């Protein structure tokens, strides 16, 4: 089974990232949680990125606020898919984080979800990993069917 | 080998989406090109979404401008991963398309790339499909190494 | 007498949509209330849109937040007039919903009212239905006169 | 048959409003064209609004740029439905016009379409008038079917 | 001595306009307070504008939120100077009101102050009326000197 | 007769300020033209502000782009009314200049007109000076009547 | 040892500027605190700017909200480096202050930090002064190392 | 004499950065020019940052567009002062770059100048280095005096 890494730029993001953990657990996806600041701890960010694939990770979710470089910095050190969650913090309310994450330059993409969209980061991870792991695909399919409710 | 579908909301988006085709070809990823308007042709959008997986597609790239519902509408009909490209058209210059694509509600994610980020949609597709298809992974790895250039 | 359908994208929008119900009742306009997510329940959205006219509806009011596709998706399935209410939810405060609703592509219009403008959706419905139903016209005219107050 | 009035705030808006005229003609809807500035010619705006219904108009389309008060001012003088088209002019590119038109206060709605969305103003008029005039409904239905194209 | 009229678009603006009253009183400027909605009470707005000069007013301060047409509408009915105060109300936080007030078309200016800038509307009135009335000029001069405090 | 000073922050603003000169001339208002940078020439800005009233000026129009401090800086040195014109220059297209001019702190107002609203600065000057100078009032009244055109 | 001046535009900014004081103290940098309004006290601002260098200051930190001219005005009176802190106050939440500070015209730069970024103003001061004063450099280096934490 | 490094994120930024080179030359400041992409060449960015001080650099100017991580990434690898120039490229016109550069998290500041403010980056460098190098201070002082022009 694959492993997902979920990295926060700061411990203060924890409450906003928790719904991601819950959904990963709900879908039966194994994950490991990190707190690494792209700017204050660039050496750790690099080490994580360079060793993520050999460490068994297949997908990385990175959440950060303000000048949210973390997802892009991680993406610069690995070719694993990186999902970025813009966190609303401070007075620009996540618009700064959204631009800093989604406007990545050519060559190094980050798959961006909504501002504070921690749940959808988990679901996107399920869609991606579900291509290779039928069990994850089945779990997400079941979840999606549960959303549909009864016919009108 | 996997197939990628690239859907435009309008033929007028073609020029901005072409760099995506070029990069998919460069990376050796098979793709098929569609023009489906989410609003003018909802039945086709539905049919495409409902049959995409059984039709052999493993990933969908959808590009649209203004109230860019296309990626989200396609995502509502399938559990395949959908990459959304916000196209700058009209006076809001893609900010409308970015919000319409990235701010998806809980449950139905769209992996959003930069405004007019057609190239990165292809690279993100490579990262995702590369998890399952070593050949695609190798092609993208090679591309990334080519970017690094010489040491200082 | 005509029937109006009022559709919310999520139950969490109820409180913001209630002033619409109150004004419809005040004006003597019959309405029916639905909760349908454009993305989580696309089949219901389609079924509703395709059968709305034959079901006796003459006008649809749709309210949604964030990437607020609901009004546009409903409009894609019917040629009845659709009034869209952008709901402020999340950190972009309805600006995302406004763009997602008002910037509809050529061919499929949505009549957009203000962010959280639930009351005005009811009044706009009265103006539209008042063209055909003199009783509704009279009720809205009376309301407008009541706003004018005394001369200076 | 109903009459539609199309009012521009300035002659300089003509080129952007012309697609509205073309679509009204295409759908067989009778219209009359005016140029009235809400601020420079408030007496004409008032006179038009107060006499529009008795003059045989059933719907008003008003287009304006910058501090685009025209649709709201017309709406203040009549209870006919008013469709507002925000025109992009000047450096704020229609965002000012959009806010000035869509953010109308409680009681006096304006049905807002996209920035420079002249075509959709005509289509929205067709949806509204089509409730009462089957011929208009049929013309718009036919147009919408023509958009659908062939099945995939 | 001159008279200033202070008009609010809605009674709900009162609390934000009160600092204007206080400063006018502090500066010894006579004023009269009105609540007139530009859209719900267009006849009163017109009557006020058309008779303001003969009624002894020399300057008008108008405060409004959202699609804040009030200052522009009053300005369309008079050639007295009109100072506009954009009021922050609703989710766009006064940005809508600012654009609706400041972006007036050529010919009909509104002297715009800051969002919720009620105090400065009074000071601007003092600067304008001070050109003609030395007593007002003296009162404002004295206030400005009081701001300067001691030298470093 | 009064004198108006029109100050530009940079010679590059000349073309955008010229319509102000033309309208002042058209209305028969005497003006003098300056180019003073608030930041590069603070001593001149101070000298101008401190001596403007005794130099016979009754009103100052100041135009600037980007971090458009000029109107506020002039206003800090005088108690004459200052009209600010935000000039669109650079990539923020005058939104920066608008905020820098209109959001003045309590005590020191600037009467702000539209982005690139040079004409309206002249008309606002006419409204203000017209309170004291009947000839200017008459000239502006005549202009306003010329805008009204014929009845419908 | 160098002296840093920290200037606030208003006493109400104190709470947001305090983290700057704390970090300067933490790094052993001597500072002096002022409250000077660029607009209400232009003479003090000038006097401070003109005498800052001879008074022993080597760097100035200036914090202001809304039309935040203070950093630019101080910079116009001195050639010492000026660090600007945009303070979020009022409904535009510091976006107005950011534009007013960062968009300075050619010739007179202000080194801008994040909205409410008082701490980073202190750290930037340390980086700048550290070029000349090894002790400050050492203190900041030590702080940065403390951020890095343990290896993964 | 000190050395300044000027780094661009992409060769396409060259034209916008050239005014920085010209001003550095004009002020007699020695500089070296690099093109390093923060994301495509993270190893070079790291190597540069880690060795910059020992390589004789005392200040770094970094220019980048879109998700402009370059200045922040360089700052994460060094404690030298970093000046960031947001480059307008793509449809968000530098607003994305401004947010990505100025909104740096606590601990790692970037001294941000205006969008496309290459000249001011050079002047800010002169102010900073002038604290230590009287010759640079003198050159910048002379330039500033040349801006002042003649008295009014």
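Order of writing sets the chain letters: A, B, C, D, E, F, G and H. Residues in each chain are counted from 1.
Just so we're on the same page, a contact is a pair of C-beta atoms (placed from the backbone, for glycine too) under 8 Å apart; a residue touches a chain by one contact, two chains touch by 3 or more.
Fair warning: this is a prediction, and the values are worked out from it, not measured in the lab.
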Contacts common to chain A and chain D (chain labels): B, C
Selected pair, greater C-beta contact count between F-G and E-G: F-G
Chain F and chain H, separation of their C-alpha mean positions in angstrom: 35
Chain C and chain H, separation of their C-alpha mean positions in angstrom: 52
Inter-chain centre distance, chain A versus chain B - centres from mean C-alpha coordinates, in Å: 18
Overlap residues in chain E, where contacts from two or more other chains coincide: 37, 40, 66-67, 90, 92-93, 95, 102-104, 107-108, 114-115, 144, 147
Partner chain C, residues of chain E touching it in the complex: 34, 36-37, 40-41, 43-44, 47-48, 66-67, 90-93
Residues of chain C touching chain D in the complex: 2, 58-59, 79-83, 98, 102-104, 106-115, 117, 119-121, 123-124, 127-132, 137, 140-141, 143-144, 147
Contacting residues of chain B [partner chain C, same complex]: 9-10, 37-40, 42, 46, 65-67, 69, 72-73, 75-77, 90, 92, 95-96, 99-105, 107-108
Chain C partner contacts - residues on chain A that touch it in the complex: 88, 93-95, 114-116, 144, 147-149, 151-152
